[in-house]
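Here chain A shows up in two complexes: once beside chain B, once beside chain C.
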Partner chain A sequence: MIELTGITKVYDENRPNRVEAVAGVDLTISDRAMTVLEGPSGSGKTTLLTIIGCLARPTSGRVRLDGEIVSGLPERFLTEVRRRTFGFVFQRFNLIRGMTALDNVMLPAFPLGIPHARLKERAMELLTHFGVAERAGLTVEMLSGGEAQRVAIARALVNDPEIVIADEPTASLDGARVEQFLAIAADLKAQGRTVIVTSHDPRITRAAIVDRRVAMADGRLVEASP
Partner chain B sequence: MIFHPPVLALLGSSWLAVVVLLAGAVFAVRLLRHWDRESGSERQIGLERATILVSTTVALVLALEAASLILFVFNADRMASLFVGAMCAVGTLNASVWGFPTLFAKIAVFFAASLWLVLDRIDGEGRDWPFVRMKYAALLAVVPILLLEAGFETSYFLDLKADTITSCCGRLFEDGAQSSGAGGELAGIDPSTALALLFGATSLAAVLGLFGARFRVVQILMGPASGLVFALGLTGVVSVVSLYVYEQPHHHCPFCLLKPEYDHFGFLLYLPLFVGTAAGLSAGMLGLLPRRASLAEALPSTAARASRVAAIGFALFALACLWAIGRSNLVLLG
Partner chain C sequence: MSTLVERERHLLDFAVASLARRPTKNLGLTLVYALVVFLLGSVMLFGSAVRREAAAILADAPEIVAQNMVMGRHELATGADLDALKGLRGVRRVEPRLWGYLWDSAGAANYTLMVPSPTDGAHAVAAGESIVGEAVARARKLTVGKPFFLVSPTGKFLRTRVKAVLSDASALVSADLVLVDEASFRTFFGLPADRWTDFALTITNPREVSTVSEKASVKLPGYRFVTRADIHRTNEALFSWREGLALALFASSLLAFVILAFDKASGLSAEERREIGILKAIGWETSDVLRMKLWEGVVISLTAFLLGLLAAWVHVSAFSAGLFEPVLKGWSTLYPQFALSPRIDALEIATLALMTVVPYTAATVVPIWKTAVTDPDTVMR
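Take a look at the complex of A and B:
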């Protein structure tokens, strides 16, 4: 379970362009459920998501993961938590250009010291599962938007994370790809993973598989469905 | 003052350490007053972020200060040629009333810094900042020692004049009827007693550290045992080992051992002794620390490793002493 208490994030503190991106958010996210953070652009969804995923530290407030304060961990332990607990799918997928799809998927697992052959096998399994195995040897520039999305999801899962975080995963995709993403999200949920997604796309936010919707505006929670 | 590069480096490092530690002390007071792990306040998060920077910086300057002991002694030996009457580091240290107090303060800083560095290391092994309060309280205790050392060192170097007539080591470490002071008393100790104490204490500490490193009681015992080995080791060096190195029955100086004429043999003796003592004191400190769930594995294993390092240090020191005795042409006993 993820518990956020009094989360505030301020950028450029003590400067004229100070921005309070998230203000006093209290939120509990249940395990093995799909939660969607919705809201207009600039509402603080992505900032909150990066704080939940331990990619950023809050200016104030605490993030607890299964009771442990993770937002206050020393950096090397935070990296460990991030690496073992979370899988990230970024809005622009952030695949590394010049590298093959397979290498991109294997990359997050390199620091874990898994033998190369086993890691390659695991990455190929994931690429096969998401229907892009035949694209494994291609550099990511040669992938279509939908393929890049599936490679990014495969990369997020290579460390077998409990929690998958996706930031506007369908922002640049057509309807068919959105359906495909929802099918993958349902699959992840069925595997017992927690899925947290930000989106302002009604095809995602109103989807039947979503267990909880959290609406944000101006950095605050304005509505949270049970 | 004599403007030698090592003098400037030593003064620079001491005052850099003072500045960093004073800033660290201000932070330590803030942390001791306000640290609350459960709180998500901006101040607590600020403290958590800053503690990494502060402890890294403090650790760097303390490591530098600990290492500066070697440069200080080496430089004192090198500068002996500048003073009339000086033959080795003793003459340089005797050229000012602040010389020996500076050396003793630097030795104190060496051990204090070593202990703080080990505490910092073990604190960094825990996910929940297990000894952060203790670490910064300890830092407040290190600051006065460092201030004293910087003060002594500055007074010493400012007081050094090239026209000073000083006395050589023969006067300070003289045995027989004319001996006086601590140096004379150490030199006057019966060689066989000194040897028995030296090898007895080092052997006991080495065996304890190597074979009992896993046991907490042994780790705790390594603290006082190391202090004892350090004292008896230095006594043994002055009283008898030095005689074998110089192959002269009345030359007891523990500093001439550092000179090139004796192949810098002193460094071979003192480095393992100092490292072993610092590790042994650290093992004692780690053994006394309260157990924390987040350090269930790291604390006992680090304490055991420190005990083993101490044991190895003392064993190497004893072997160096044995080697000096074995290769010497001096027949002192029997």
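Take a look at the complex of A and C:
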């Protein structure tokens, strides 16, 4: 379970261009459920997602993960938590260009020192599961949008995280691909993982598999379904 | 342990792939780096090879050379002084030598004319014969059997036929040498019968060289006694000074390279920053990024170092360091031409590595660290 208490995030504090991206958010996210953060651009949902995923620290407030406060952990431990607990699917997938799909999937596990053969086997299993095994040897520039997203999801799962975070996963996909993403999200949920997604796409926010919707505007929660 | 090795292997793999993704930038940096190693390596390899060559040749030099000095200038040695040295205890043999310099306007070069030792059967020359060094042969286009004329400053002619050309092996000291018989030498320079250029002393017990030298100084206070060790020290100082001079000149190129390396390492492209942000976001620690970047540095510096060293080796051994010949060999118009054999000396290689790898690493470590601490959330914004 993730508990956020009094979370604020201010960029460029004490400067004329100061921005309060998140302002006093209290939120609890249940395990093994799909939660969607919805809201227009600039509402603070991506910033909140980075705080939930330990990519950024809140300016004030606390983040608890399974009862442990993680927001105050030193960088090294925070990275360890991020690596073991979270898998990220970024808005533009953020695959590393010039590398093959397979290498991109293996990348998060490099610092763990897993033997190459075992790691490759795990990555191939994931690529096979998401139907892109035959594209494993291609550099990511050669992949279509849908393929790139599935490779990005495979990368997010290579360290077997409990929580999968996806930022605007369907922003650059057509309708058929949205359905495909929802199927993958349902699959992840069925595997017992927690799925947290930001989106302003009603095909995602109103999908049947969504357990909870959290609406944001101007950095604050404006509505949260139970 | 295997986990650590496997992790470093993954990081090294990624570093190599990362370098390959930006070929122009990294190839350029490697080439400039290799050029710096080549310049410094050539000077060091050449200097040490020449010093070794000189030391090997000196092994056959006389243990002590006695030179008559008048008002601090080298004067001709006399027969009376020869007798005085012969009676000295500890001296096995005293050999009077005849040699002198001659400016040859035809070859536009200075030659060293010398009478070979009577005990040196290999280089014995009869009247009308000469043996010449390889540079003299080159300058005057001489081969065995060809006539060779010399004109003294007073206009006297010396007409010889070339008996032999000295081998390249001793070129460092024999390149400008012309060996002629004693009678021709004395006639050519107008030298009386009991005058010599200097004396070469052979000592009974080589460990007594300094003692004999001191005793001889007492007996002939007007003479200068130069030991083989003195010549060796002078050679060392001369070649080290030239090497130092060249290295000082190339220090500026090293500085320029360090600035370039700093600029390249700190001037990361937006794409590189994005990549590091991705790596941090997907679970790489700052130390992982730092190590990966250091592996990149190791790959670049090792490749450039080996390339530069190999090029320097070829430059010195195959081309006798042709680019720096005038600085390193001296200012003679007759440069010796001989193949140097640079030897692998661990200390020299370590010194070269210290002079090139350490400045590069030092110049890149701060920018690398600044890059590695990139916030992971930058990829989300």
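One rule holds for everything that comes next: the second predicted complex is superposed on the first by the 226 of 226 C-alpha atoms of A that agree within 3 Å, B and C clash if a C-alpha of one lies under 4 Å from a C-alpha of the other, contacts with A are read in each partner's own complex, and residues count from 1 in each chain.
Everything that follows uses one rule, which is that a contact is a pair of C-beta atoms (placed from the backbone, for glycine too) under 8 Å apart; a residue touches a chain by one contact, two chains touch by 3 or more.
Note that the structure is a prediction, hence the values are computed from the model and not measured.
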item: Touching partner for A:G67 - first (chain B), second (chain C), both, neither; value: neither
item: A:M99 touches, of chain B and chain C: first, second, both or neither?; value: second
item: Contacts of A:E75 with chain B and chain C, given as first, second, both or neither; value: both
item: Winner by number of chain A residues touched, once chain B and chain C are compared; value: C
item: Chain B versus chain C as contact partner of A:G6, first or second or both or neither; value: first
item: Which of chain B and chain C A:T59 touches, first, second, both or neither; value: first
item: Contact residues common to both interfaces of chain A (with chain B and with chain C); value: 75
item: Of chain A, residues touching chain B in the complex; value: 5-8, 57-62, 68-69, 71-75, 77
item: Chain C residues within the chain A interface of the complex; value: 2-7, 9-11, 14, 17, 20-21, 271, 274-275, 278-288, 375-377, 379-381
item: Residues of chain A touching chain C in the complex; value: 46, 49-50, 55-56, 75-76, 79-80, 82-83, 88, 90-91, 94, 96-99, 103, 107-108, 110-116, 155-156, 159, 167
item: Chain B residues touching chain A - in the complex, by the definition given at the top; value: 37-38, 40-42, 44-45, 48-49, 52, 124, 127-129
